[in-house]
Structure formats: structure tokens, C-alpha cells
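Chains here go by letter, A, B and C, matching the order in which they are written, and residues are numbered from 1 within each.
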């Protein structure tokens, strides 16, 4: 019995050691194979002073840019994220969420790659559909777009087919609205997103590759519902959007409708031969606002907003220091 | 015929690695003649005899000194030649039992048993079954494995017996008395088996030996062949050797029947109910001594082993003091000891931390050994429901549940859990990692349940 | 009682004690613990140590305060502590460990009468509590830091696939343990090393664990996400905590009966598979085993035991 115990313990130790050999060995092997392509942590060249900056936990200058650790209050507690910027401190290169306590499978989706990948290589600041970036870096709800749509009410449309295209979004989809006017009425509206390779959002949402929610209507169904609503109303003003760029005006539609509104408005403006007010143009044009629009996590406004706000804080912070980084440097060395 | 057992009983344990038996396995039987013997009037449970002698009487070896006065008693004989010193109550394992103390006159350990039946197969054709049964009764034969039930009661049955099992399994650790007996008294044993076979009226007899004693089974097989070949054993006497897997409690009566014959003794029944009688090898040898040699059961082989200087097997008269036997072996080798009468699994502890001076107990017809073990301390821990006890129970009981019911004094539940079927083998206590005294409590529950059943039957 | 103990046999007892059994179980968890230190950093050792310390102390104090026999030294609380920590992500706050450890020992184990009388596995109950109270925190797993830092926090592989994502890790990685997950569950290799050790020491019977795993795998294969017979067997086997659950949680002595163990394992397997297939939780092991725990008593009664002497001649 004693003998067996001793034997067993020795065997356990040996096999464990061997297992670790396998684990570490396989690790070494896989690193060798991936070789230099393996992403390695950029080398930290300098730590930035963040003592008197609210919400910023830590900021470092690295060989190829900056990494700022921001703490922002979310729905279920603080969200801590690492935002990486390029050397010019204007382009976001990567976003990582390191701590969060958001609602499981709602807010916590901010940690999923679908959301995070949007931030790879975009220009700061960022905002969610239907929001503007405030002076202090916070995002506010933008209401300016809605008011301008009234110019499209009670106008006469010229018969014909009109098309409006948006800039490609982060997923590679170019959104497009086709609008047909016959006898002065809008008779057909088609909204779709098309990738460069010809993949249509409506098609892939049908076969389940592009899923909005598990059980809800597909993107295509929602898009068609919106189009039908437009034909019914012959106007866009009924579509009141909320902070996330969503609407309650059409039942069953939970997708962001900002893009649709701007594109449809564009078509209608063409048909009616009226100019849309420049302020509205600015809102929908990404370059005008000097930032990038981000798709929020559906159903998690607060969490998404917190992330966006956090990123903008980081951006603001970098803007303040980039002017006089040498001073910061000296304070650090002291 | 050397045959291997195929079927086996469920459960069971391997309490030791086998080194325990090696202590005394190769020690041949030595005869010891004590100066004084103390013969208890109660040789086994419920076996009280009425003593027929008074102090001052002179007795001869084999003279009847006690007549049965209880259900489980057999006639009692003087085991030495000598004078009765006194008849008084002696303390034996915590009880006061009337005993007669005999001063031995035997100066030299002279061999008194006629040797014929011990060296060859005897001619038993002229002896009738009736005569054998009488001889068994008059010789005061009892089971020599442990329980000590009178042999003649077993054989006087109105059931049809088809098989006689001679139990040489000796599954208890440490004990080697049956093994030595099979090796050294082979012919006496075989003759005894033949007599018992005749008495029982069974068609076949199996001598059952565990496979950790290959020498014994081969030796007996050899003798059996020689005797059959020379025509000394009748062809109608169907005796064979059965080799059984080594596992405790293989030598339990019911488990033996299950292993060899794949029969189960019905609940509350006796082996005779399934046509079987089981007798110990020692009993068979005693039968031969009595019927062929005329000597009643007055001596037996006792293994003295464990933590003693010189373990050995001794042929001693009934009534020999255990203290003397341990001294004969050189005394105990550990101060923190525990002296056990019988095997370490089912035997009773006579003393712990024995100093070598106090009287312990006296050899009875069913004392197979004196085992000295180091006293081990363990504390009972709570049951962890590992069900180890359930897995090893040869009777198929769930000792941990019976224990709980016993603590709650829910004896009806004990009965439903078949506590009455406990064979008191001790496997559950042995295997319990929490060191719970399952065997003790299950046995207590069994006794209470049996009492309950009996009371119900009376009403 | 002492007199009884001295007089009555058996006088030989097995070397095996509750303590030695639990000690060997603890020992068999050491490889996986070392693995978690390797994958998730030294914090996993601190967390496990803390969890063990809290479990043992709670048990000791409770037994002292209630004047019960003190069994805190029998390693059973150590096993509970290790398993509890193994079910938590490496980033879990210290106070969650403390609260769940006290809950497990006090409310699941001791209040029901201590070792052997708990109605369900204490470590799993602790995890269930944490899952209910702090779902975001305890189900937010961290990727091993041996990996490139592009995946600092994420769901387990099973969780990621369940939510429509890619596994992102090869089966080899899953087997060796280089995936996000709770502390102790990721390295299947090291868990199996420990399990084989326990089998060798004769502490557990592999039947129930294997039956459980087989049941889960077969059911998840048959009712796969894309129709019948499309389940990913290896993913279900290696992607989550199935092996940890099967080898260490399911085989809790209290619930494994000689008679009912296969049925018990199949029950746990069916519930686990059902949760994996139909519900929002990717794992289901916790619920599967806990439910089977509660049913275990009843299941073993479905089997009739053969009592010697009841056979018809």
C-alpha cells in the first residue's frame, strides 16, 4: 500500500513534467511556425504622466504609437480599455477591453471581435449613429438631421429611378438605396448593402450568415419593412431616431436606420430636385465630422456609449499632450 | 481431482498481502503439555455443560466430565490425565464461566493416539452411518473453525444432503492451523472426510482450499490418488479437492457454498436446506480420531502468531492457557499490543497493552489461534458515503444505511435493510475509510432484528 | 463505545482513510494547478490558495463553534477549495472567491451535516451562486497570457462558438489548455493526468465519468447546431469544462452509488447536453451535474440490490 502510494506519486510527478514538456514544446513549435508574423507587444518607450487626468489610468508611448488605458463608467461598473493609437495620435489602431461587468450577452458583447474590430485603423474621434462628438470628447445625441428632412415633405417628385450610395462601412458593405418614382409617388424602395465581391447583405441575412438577433426578423425583412413604411408615408419624417440611431416608428425594425434615412433622403432630394441643407449633409458625411461612425452593440446603448466616450477621452488626452510632450517627459524623469 | 472454483461470492476483501501467513506457515506442529489446564464448561456460544466432577477427583484423558445442558453444547471430556484441582468460576474474556482446573500427571509428552488411521486410508466399510453419528456425539465434536456448533446436530438432519463441503479455506489472515493440519495429518483428515461423508449420506465431498495454499491442495490430492489407486478408498466415495480464489470471507459457510456450488442458503435457513453440510478440516480429523482411534475431542491445533518472538503451530489440550502459549513463543514483541482469540477479522480481543503477566483466556474447541497485533488507534470520522462497505459486503447489505437506522433506533428500517442477514465477517469495518465501527453496529442491529422477528413469531 | 471497539473485530483495518483519499484527490489536481499558473500567471496560485484557506478555515470555525467533531484536516475542504477556484476565471475579484468559498462550505456542506451529507457538490454550488450574482465577472474569461495579447478577454471557446463566432483555437490548443477559460478547466491533458492517477490509486471509478462524457458527446453530435448529426464532437469535448466536470465533480463520492452510477451519469449527461443544445449557456455542466446530484438518491433506489439468501433455489 505504502509502496503503491510512493509509486503513484512519482508517476504523477513524472507524467506531469512530461505534459508540461509537451505544452511548452508545442508552444515553441507553433511560435516558430508563425514566426515573425506573430504579433508581439510593442515596446514601451515612455510612460506619460496621467496624474491629473480624469478617467485615464495609464498612458504610454510605444515605438509605433500610443496606448492609453481608460476607465469609463458603463452599465454594470467601470469598463477598462486599452486604446492604441498610431504615432500621430489620430488613428485608432486597436481596442481592447480588459475589465468590464456588463450584462451577460448584452453589454458584454463589447468584448466580442465583431464590435472591437470596428476600431482597427479608424480615425478618432468616434461616434455612434445619431450622435455628435462634443467639445469635451463626449458623444451627444444629434437631432439636427431630423429637422432637415421636413424640406422633403410636400414636394413633387419627378418620375424616374434614383440611387444613392454611402461610403463603405467597417464591414466592407457599401449601402445603397434605389428609389423609383412613378406618377409623382414613390412606388419602390430598395435598401441593401453590397460588398466589393458582390455579396449582398439582404442575401446573406436570409441564409443566416448575417444575424441580427437570434429569433428576430432578418436584416432583409427589416430593410423591406422600412422601405414599405417609406412608400406608405411618402416621407421620412415619421422615422424618429433615438440616441442609437434606431427607430420605434416601424415595428419589428431594430437595426440602425441612420444610413437608410440619409440615403433615402438623398434619393428623394434628387427626385424632388431640392437641396438638402448643408448641416444635414455634415451629419451623415463622415469626413465632415472629422471622426468615424461606429455600430453600437444592439440593445446595449450605455455600454457602447461608454466605450465610445472612453476612446474619445483617450484621444482628447493625447491631443493635449502631443503639443508639449518634452515637458511631460521631463516631469516623468523627475 | 483438483478442480478450480468458477463462480464466486460478491464483495469480499483482501485484508493483507499474504506475508502474515508466512510467519507460521512453515512451522510444523509442536505438541505442548501444560501442567495445568482450565476447561471451560461453556466451550462455545450457548454451549453450557453441566460439570460431572468435583475437586479432588482424578480423571483420565478422554473421560467425560461435562454433559450438555444447552442447545449449542456437546459433551465435554478431560483433556489430560490428572487430578481436579478445583471447580470454580474463572474470568474469560470479560465473563465469569464455571471451569474445572486439572493438574496434569503426564510427565512425558507421550503419544497416546493410535497411529493407524493417521498413516493410511482406513477400512471403514464395517462402520455404519449410525455408529459414526453416535461417535460424533460421544466424542464431543464441534465445529473447529470458529462458531463451535455441535457437529452431531448438523449431521442429524431430516433434509436430503447431496454434498459435503470440508472447509480448509482458512481465509482469516495469520492463521495457519488448518494448513498445517492438511499437510501433516493428511490421512487422518481424509479418513475423517470419508466418515463424515458416510454419516451425511451425501453423494460427494469437496475439500475446499484457497489458492494461496497450493502445497496443501497438492499434498491432499496426492494422498487421495494413492489411496484410490491402492484400492483403499472405495470408488463410490466421491471426494475431490476444490481450489478457491483467495478472498476473505471465502471460508464463511454461506460464501463457501455460493462459491463451490453456486447455491444460496435461503434467508433464515441452514446449509442443509440446500442439501449441503459444511465441516471444518479440524472437525473431520477429530471425527477420525474419535471413531477410528477412540479419542474424543480433547486437543486441537492452535496458531500462535503475529507480534510474538517465535510464531508457531501447537497441538495443545483443550483448556491450555493462552498466556502460557504466548510465553512458549517467546512473548510479545510490542508493548502496545492487542491479543486476539481467533483470527484477526472475526476474533475477539482478549486484552490490549498486555503486560505478559495477566491471565488471558483458555483454549476451547473452537479457538483456532492466538494473534498478537500492534494496537492501532483510530478515531471514527463521519461517513463520506463512499459505499465501500456496500461494495465489499458478501451478503449484499448496505452497512452505512443500517448504521444510520441503528443510531436512530429505527429497527423496522434495519429489518427492511436485511440487517438480519449480516454474517459478521467485518469486511465493512475493514474497508471503511472513515474507520466507522460498521460491523459492530450491523451485528447489534442484526441481533435486535432477530429478537424482534422471534418475538413476532411467538405471538 | 471504547470497550466495543476493543473487543470486537475486525482488528485489521485498511490503510485508507478519508484523509488519504482526499489527499490523493488534492494531489491529482496539482498538475492542473501548475498548468493554470503557467497559462494564467501566478495569480491563479494565489486565488487557489486563498480559496483553500477560506474553505478550511470556515469548516474549522463552524465545527468549533457548533461543538462538532473537527474534520477540517481531512483535505475534503481542500478539494472543495481547489475545485471552486478552478471554476473561476483568473481575473475574478478576491472577494468573490471568499464569498463563494464560505457559501460552499457553510451552506452547502456543513449545514446539511458536513462531509457525506451535502445535497450537491459544494464547489459547483459555489460556482452557481457566483454565476447568479456576478454573471459578468465570473463568466468573463481571460486568455492565457502565453498567447499573443490580442485576445485579452473573451468567452470560452464553446461560448464563442455558441454566439456564432469562430473557435479561434485549434483542437491541440484546446487539449493542451491554451484557451480562455476558468482557471483549472483549460488543460485537458493535465486534468486527465490527475484523473488517471486517481484511477490508479483506486479512488475513483472511471465508468461514471466516461459514461457522462459519452452521453454529452453523442447527444450534442446528434442534435448539432446545423441539424441532425452535425455536432462538433471534439469541440464539445475539449472546448469547455466537460472533462473537469466529469473527472472531478461528477465523481463526488456522495452521489456515485455502485448501483445507480451509470444512470446517474447518463442523467447528468442528458441535462448537460440539453442545456448546450437549447439554452443560452454554452456549458451546462454545472446544471447537469447539480441536477443529477439532487436526483442521485432516487436513482440508486431504482436498482434492487441482491441480498444473499433471497435467490430462488
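Criterion: a contact is a pair of C-beta atoms (placed from the backbone, for glycine too) under 8 Å apart; a residue touches a chain by one contact, two chains touch by 3 or more.
Model, not experiment: these values are computed from the prediction.
When every chain is reduced to the mean of its C-alpha atoms, the one closest to the centre of the whole protein set is C.
This structure's chain pair with the greatest number of C-beta contacts is B-C. Chain centres here are means of the Cα atoms, and by that rule the chain farthest away from chain C is B. Chain A and chain C, compared by their mean Cα positions, are separated by 39 Å. Look at where the CA atoms of chain A average out and do the same for chain B: the two points lie 88 Å apart.
Separating the CA-averaged centres of chain B and chain C is a span of 49 Å. Contact with two or more other chains is made by residues 16 of chain C. Shared contact sites, meaning residues of chain A that touch two or more other chains, are absent.
Of all residues in chain A, those touching chain C in their complex are 1-2, 4-5, 8-9, 11-12, 15-16, 19-20, 22-24, 26-27, 38-41, 76-77, 82, 94, 96-105, 107-108, 111-114, 211.
The part of chain C that touches chain A in the complex is made up of residues 15-16, 24, 27-28, 30-31, 34-35, 38, 91, 134-137, 139-140, 146, 148-150, 152-155, 163-165, 172, 176-178, 187, 189-190, 193-194, 196-197, 200-201, 280. For chain B in complex with chain C, the residues that touch the partner chain are 9-10, 13, 15-16, 93-94, 173, 254, 258, 263-269, 274, 338, 340, 344-349, 352, 371, 373, 376, 378, 381-387, 390-391, 394-398, 418, 421, 423, 426-427, 429-435, 437, 439-440, 443. Chain C contributes residues 1, 4-14, 16-18, 20-21, 69, 71, 74, 76, 113-117, 253-254, 256-258, 305-311, 313 to its touches with chain B in the complex.
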